[in-house]
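One chain, chain A, links the two complexes that follow: it is found with chain B in the first and with chain C in the second.
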Partner chain A sequence: MSERLSERLRSVLATDCGSTTTKAILIELVDGEYRQTWRGEAPTTVEAPFEDVTRGVLNAAQEIQELSGRKLLRDDGGGILTPEQDGSAGVDAYISTSSAGGGLQVVVGGVVRSMSAESAMRAALGAGAIVMDTFATNDKRQAHEQIERIRQLRPDMILLAGGVDGGTRKHVVSMAERIRAARPRTRLGGGYNLPIIFAGNDEVRDDIEALLAGVSALEIVDNVRPVMETENLDPARDKIHDLFMEHVMAQAPGYAKLMGWANAPIMPTPGAVGLIMQTIARRRGINVLGVDIGGATTDVFSVFDGHFNRTVSANLGMSYSVSNVLAEAGLPMILRWVPFALDEKGLRNRIGNKMIRPTTIPETLEELKVEQAIAREALRLAFLQHREFAVGLKGVQKQRTIADAFRQIGDDSLVQMMKLDLLVGSGGVLSHAPRRVQSMRMMIDAFAPEGITELAVDSIFMMPHLGVLSTVQEDAATQVFERDCMIYLGTCVAPRGEQRPGRKVLRVQLSLPDGATVDEELSDGELRLWPCGADTPATATLTPLQGRLDVGAGPGRAFEGKLRGGEVGIVIDTRGRPIVVPDDPTVRVPKLESWVRDLGEYPDGET
Partner chain B sequence: MTTLLIHLWVSLAVAAPPTGLTVEPPPHNGGLNLDLSWELPEDDGGAVSGYAVLRATDEAGPYVLVADALPAGTHTFRDKVTTDPRVDPLLDTYWYRIVSLELGAAPFVPADPDTPDPEAHASWMLSSFAATAPVVGQPRAVWINTRLGWLHLMALIGVVGGLMLYYARRAQQGEEIFIRRIPGIDAIEEGIGRATEMGRPVLYVPGIDELQDIQTIASMLILGQVSETVAEYQADLIVSCCIPIVREVADEVVKAGFYQAGHPDAYNPADVRFISSEQFAFTAGTNGIIHREKPATNLYLGRFFAESLILAETGFVNRSIQIAGTAEATQLPFFVAACDYTLIGEELFAVSAYLSRDPRLVSSLKASDFIKIYVVVCLLLGTLLNTLGYTYLVQLFTLGEGG
Partner chain C sequence: MAAIFTPGLKVSEHTVLVKDRRLPIEGEVLVEVGQQVGADEIVARTELPGKIYPVNVANQLAIDPGRLGEAMIKAVGDSVAQGDVVARSPGLFGLFKSEATAPVSGTIESISTITGQVIYQAAPIPVEVDAYIRGRVIEVIEGEGCVIQAAATLIQGIFGLGGEVKAELAMAVEAPADVLDVSAITPELAGKIAVGGSYATLEGIQAAIKHGLAGIVTGGFDYDEIKELLGYEVGVAITGGEDLGLTLIVTEGFGKIQMAPATFALLSKKAGSRASINGATQIRAGVIRPEVVVTFDDEQMPADRIDPGEPRGIAIGDEVRGIRAPWFGRLGEVTDLPVEPVVLGSGSPARVMEVRFEDGTVARIPRANVEVIEQ
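Up next is the complex of A and B:
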């Protein structure tokens, strides 16, 4: 994308070609600000009988054309009309992301699973790939098992790392020999060699070339782990994007044509979401956590202190994978969120029905409550997996103080909830919950934010479009993100620290934008809501009433500042961390009912 | 004349012997002792300056002297009937006599002053002083000591055993037994991974003490786990030893580790090295290894002395990840200052269980943790109660004499 284009950008058509639906949005410059104005959807047409992804794109664009009255399609049916003409026809840029056909599927190899292999995995996930398997010297598999597995997988590409620059040679060569022996084949057709990216020890490049150049489309980039102390993921990520375009997309039905239409490289959908997260975190100087919960998988993204991490929980979702949520979390863990008496058999049946009819949506209030209980556990488990993955580099020499030597328990995850500023939810169960407060409550229960955290949901899953837009015009992407993409729900305040049951925990003094004031002391175990809009923040003084409680200003210290509201408002959660729900149903259900009532989650008369 | 003779007999008459001698086995003993008690004569402390205890295995003797010059006022004595391990005291009966020693009596003069003769001494006493009639006693073993302290100890041992069985069973059933996380132990595998990525060896130093030292034994157990992990990672391991026998054992341990991991071919006996039995020659040699072979990870686990800081500093300069562990309190500060991670005190002994997750080791670790908690609670509570004058808890931990 040229600089000139980004300067004169007045309108953009962005599409996201998903597995089932192609979603298009139109972004226009309105009164000096970029806004998302129209949107359209059409079934994705990558599979038979059409086998041409552009048909779905054209259909989605046509819907926008009809709604907006702006001519977007070329008369000859040859694509999107660019650039914009007379302000009423065409767009200055057309951009797209894609996750159709299962997205970008990558196999990763490295020397040590928690070191070079993990760095390579981070690079692949950050580029928006689905990591099919990770091979390493210490993955407890024999060489013949690894070879057989690589042969079975048929990935879109392989990313091989291992060894620091000047480091081990034998392990890296050994991994390459196994790949060579496996002779892996490509997923999409046999007309091209499987791309293999080598991003390992620079002293082994000749050996790797000798082993793999003849049997694959080998690309060599800088080491993802040039020294143990640092990661260098960008070259590998960029190369994954390039190869995604050159090899994978070029093979998918209709993508060659689509690439010709697009003014910027087509990105894998999750990669684009990660990009907009990073952009927002960087521009606002905040830590962001994002989640996209789908039917089969749940993606979690985080940017903490500039470190970006993404994980895909391939077995946690709300429809196809719903039974797996049950298997992993266990019935009692799901039941603890159901605010009415329900036996285990009943819950198991409901979950089973959801799995065999994945496209159904809840028809009764009870079904909705059960679905939201499952969502809490799916989100919680996906988040746990993310926290375990998002850790500092392993194998690094540490400068430790004397105090560290006596520190017995280390939490080395980069994801520290007290430092989190913005939590963004996406996916049907969050974005399309009947009441926004339900989304907010689900996210609070699942992620247990600490201190002061803003919560938002993605209105129409626009983040992929904005991610790729940020590569063209960052200002446009962030403006649309703030104005149209994010639906701010409000702020959650949750003190962290040991709380004495039944005692007063927090004094809350609020000056709300409507002139109302609040001065209340909340006890342990409460969940309270004060409505407050997003445009004018409330002024708050939050004083811990028990010694070491921390509301974000430090243990025992009062917080004074502004709290941003949203469609829901300001939620004060004094349930403590971790959130403990009573096991006994006769205690639990009334407790859950009281929380539901206090937040007004469900219609009056219903809890 | 008769009066004079009577008077002379009275003045020459020996002091009266004790009365009421009883011989009983003590209530809590293994059969080695007999408790004697007697009633004091009237002139105890006057004409009677003390007592002697004589023992024989036959009523008629010969008696031997087992205690001489017990002070006046003494009326009990515990006799250890034999010190000869070949003799079973339970098979014999023992006869005792108590002699009242007279004030101012001439001492016994042995025939050969250099050779004590308890039998002659006893014979002289019987002829010179008044003694009780022989009283027989039979040692008896009482195997269960019913004193509170001993019962408490027995209960604790029972609880430890029970807990070990309980946790071993749970662990064998596949349950994940929680062990408090120790970052230093987690870092061992990380260190081996680092060495693998960097293509450099792991250096293992099992301290400089003899094999029988408990820290060296713990270190050998850890070495087994470390060598297995090194073999799995297909990395290189160098073990630097100060004691020849430790080197031999380390060699076997490393070999077993490589076999266990399924990589016997990767085992190289030359990597398990004896450097020197001299402390600083060993230190210089090990420093040489660090300089020449540039290990990515150094593990110092065992008993260390003055060489601790020299080794750790050299490793630090070499930019190795260093993990140290010792129960030698004087060396801990140096390791803490110069190493990335330090296993403090008994953490060293927990490493093996932590790394292997062997149900037997894990269960003993869990059981000992519980006992430690119990002892700490008793210490705190006992201090408080004792300060207030209640001594129950002190009695609970007092074993006293058990025989």
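Up next is the complex of A and C:
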């Protein structure tokens, strides 16, 4: 988009073409501020019988047109009316993201699994891809097994890395030979060669060209790991985006037309969400963790000390993949969050039926509680996978001290909960929970934030739209993000450290915006809520009552400062880290009931 | 406003069915447009590339990969038989020569003087695609397959295991609420597709496999039993490739749920006919439902391609099935479609419909929680 257009941007129509629904939002300049004003949605029309994504886009835009009275559709049916005319018709820009048709599916290869292959994986994930498989010379598979597997997969593209610049030649070429022998084919067919991006050792480019240029659409970019100590992911990421547009999108039904309508390149949905997360973290100078829990997959994003990571848990979700949550977590882990006794066989059938009828919604309170119990486990498992992936570069020589030997597993992760400032949740089960406190509780249980952490949810899943908007007009994207996208739930305070059961752990002194004050000593195992709006923060003094407990000011030290509220307020969680839930159902159910009651999660009298 | 559309399962005595029959990779199409084909008739064939065998020949010969070219007796593209000598090292002063032999019959795919690897490709594997249903070829997809159209009875299930099977339909129970257990599996059912009622027990399915039944169609069975049958859990509903010993189709869902009477009646009517069934299920994008197909005689086949048209939304009077608690598995008729959202017991607002169930109960149910029974 031209510089001039971004400067005079008065209105934008943005769509996200998801697998099932196409969501449209209208952003307008209102009294000098960008605001999201209207929204509309319609079923996505990539599949038969329509096979044209633009029909869903037009239907969603038409809904906004009807609601807002602003004419958005061209009379000739040729798409979105641009630019804006006399303030009541058209928009200055139309932009879109897409994850329809299964999103962007990439196969990744490298020499060493935990080094170049991992860097390549990070590049692909950061671009918004689903990584179908990761190959490396040390991935414990024989060469013929790898070749068979590459043959079976039908990705949108392959990203091959390997070797630092000037490093190994033999192993990189060996991986390329395997790819060549597999003769991989594209997912969408259409008679074009599979795009392969080579982002490895710059001295073997000729060898790679000789091997792969004839059997693929080969692209060569700078090495994702030019030296052991540094990653250089942007060139590979950018190339993935280019190829997504040129090859993948161009093959999908109706996308050629959609690309013609859009004023900025269409981005893969998770790539756009990652972009807005990074923008917010950079502009506010904070560490952010974001999650988008969908029907089939759960994406986790983190920006810690400027390091961005994204993971996709491809088989953890609330509908299509819900049985997989049961398989991976196990029934007892789900049951530990259900505040009533339940027939186990019945629960398994219920989860199976949600898998085969994924669009159903909980009608009763009991169904809702079960669904939210499953969501906690889906979120927890996706987060565990993210923490394991979001680590510093492996293969870099480091000086280790004796203290390192005593660090806990997982401490290598860049994602340190004590350092987390903002946790953002998105996806139906979080964004559309009947009470916001339910969303807050699900996120606290699943992510177990430590110290002082703000929590928020994406109101109507507009992060993808804002991500792509940030490439056009960053100010517009961040203004809408803060004012309309984010719904601040409040702050969670959770001491970290060993707690003695049944003893007082934390003295809580609060001055709330309504003038009320609090001075209480909380025991181990409590979950308490004090309502506090988002506009004026509460003043807090939080004093650990057991020696080494840390509320964010350091072990044993009191915290004094402001706590931001929100639609829920300030939650103090003294359940310990990891959160302790009793195994014995006769103890667990009353405990869960007391937490539910103290937070007011469900209507009066209901636990 | 965009139309609300709840996709349903088709239970239709007389419909026009169109089937794509495609090869996994390009090959030869054996039929022509207008041709009548039988269900077992081969319509396209191809050869899948043989298995790949990479062998580091330079290592075998203890030579530098750069010298592999000199040592090779065979070249890229050459055919080899298992045990043929493909490379020989020069040895030391003509002595201590070593040889490398082909591990498999096939062709040499590549020789690398960088890695020392020789890649062999075994002989190709023939693959054939049959018509699956009796019908008329209405389109040939060059190099890929064809499209077949037939007049047929079609019953879609909600979940299945196992792939395409063609066999005679036989009733194994008397009523849609009956349970298909071991006692229902008789020797006469061998090679046939047994129709059960509300529930198939694990023992009943295992007995059916043991007695060589081709398939089972049942209202429900327990989700737990998938693991017992397959040895693993199905976490995502993408099935069809399971090696179960028979094809299993569930028409209603997991648990004990009476088969919809219309479905049961139609299956009863078709008992004794040869059916084509497929358990393949894909709930995600590009939905595939398991199915039972019984085609009609040739003279009832439409000559021209029939366009199925676009799906329509739900209307008052439609037959529906509850697909979530507390109405799961209940059948009824739509009596009202209120426009305004209603706050559900869960606390969420949702658009609802009013349904009168078979026992006379009337309830307002989220539109997302019912499924139209499409005729």
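Please note the rule applied: the second predicted complex is superposed on the first by the 592 of 607 C-alpha atoms of A that agree within 3 Å, B and C clash if a C-alpha of one lies under 4 Å from a C-alpha of the other, contacts with A are read in each partner's own complex, and residues count from 1 in each chain.
Rule of thumb we're sticking to: a residue touches a chain if its C-beta (ideal position, glycine included) is under 8 Å from a C-beta of that chain, and two chains touch if they have at least 3 such contacts.
Only a predicted model underlies this, so the values are computations on that prediction, with no experimental measurement involved.
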Once the shared chain is lined up, is A:Arg284 touching chain B (first), chain C (second), both, or neither of them? neither
Would you check which partner chain A:Lys170 touches, where first means chain B only, second means chain C only, and both and neither mean what they say? both
With both structures placed on chain A, which of the two partners, chain B or chain C, ends up touching more residues of chain A? C
Looking at the overlay, what does A:Asn349 touch: chain B (first), chain C (second), both, or neither? second
Taking the superposition as given, does A:Ala296 touch the first partner, chain B, the second, chain C, both, or neither? second
Per the contact definition in the header, classify A:Ser116: touching chain B only (first), chain C only (second), both, or neither. first
With both complexes overlaid on chain A, does A:Thr137 touch chain B (first), chain C (second), both or neither? first
Just checking: does A:Met228 make contact with chain B only, chain C only, both, or neither of them? Give me first, second, both or neither. first
Under the contact rule defined above, give the chain A residues that sit at the interface with chain B and also at the interface with chain C. 169-170, 174
Residue set of chain A touching chain B in the complex reads 111-112, 114-116, 137-138, 140, 162-164, 166-171, 174, 225, 228, 394-398, 400, 402, 405-410
Give the list of chain C residues in touch with chain A in this complex. 1-2, 5-6, 25, 49, 51-54, 65, 109-110, 112, 114-115, 117, 119, 121, 158-159, 222-224, 233-237, 253-255, 281, 283-287, 308-311, 323-328, 344-348, 350, 365-366, 368-369, 371
Sites on chain B touched by chain A in the complex: 180-183, 190-191, 193-194, 196-200, 232-234, 319-321, 336-337, 340-342, 344
Within their complex, chain A touches chain C through residues 19-20, 40-43, 46-50, 59-60, 62-63, 66, 100-102, 143-144, 147-148, 151, 169-170, 173-174, 177-178, 180-183, 185, 207, 296, 315, 320-321, 323-328, 345-346, 348-368, 432, 434-435, 602-603
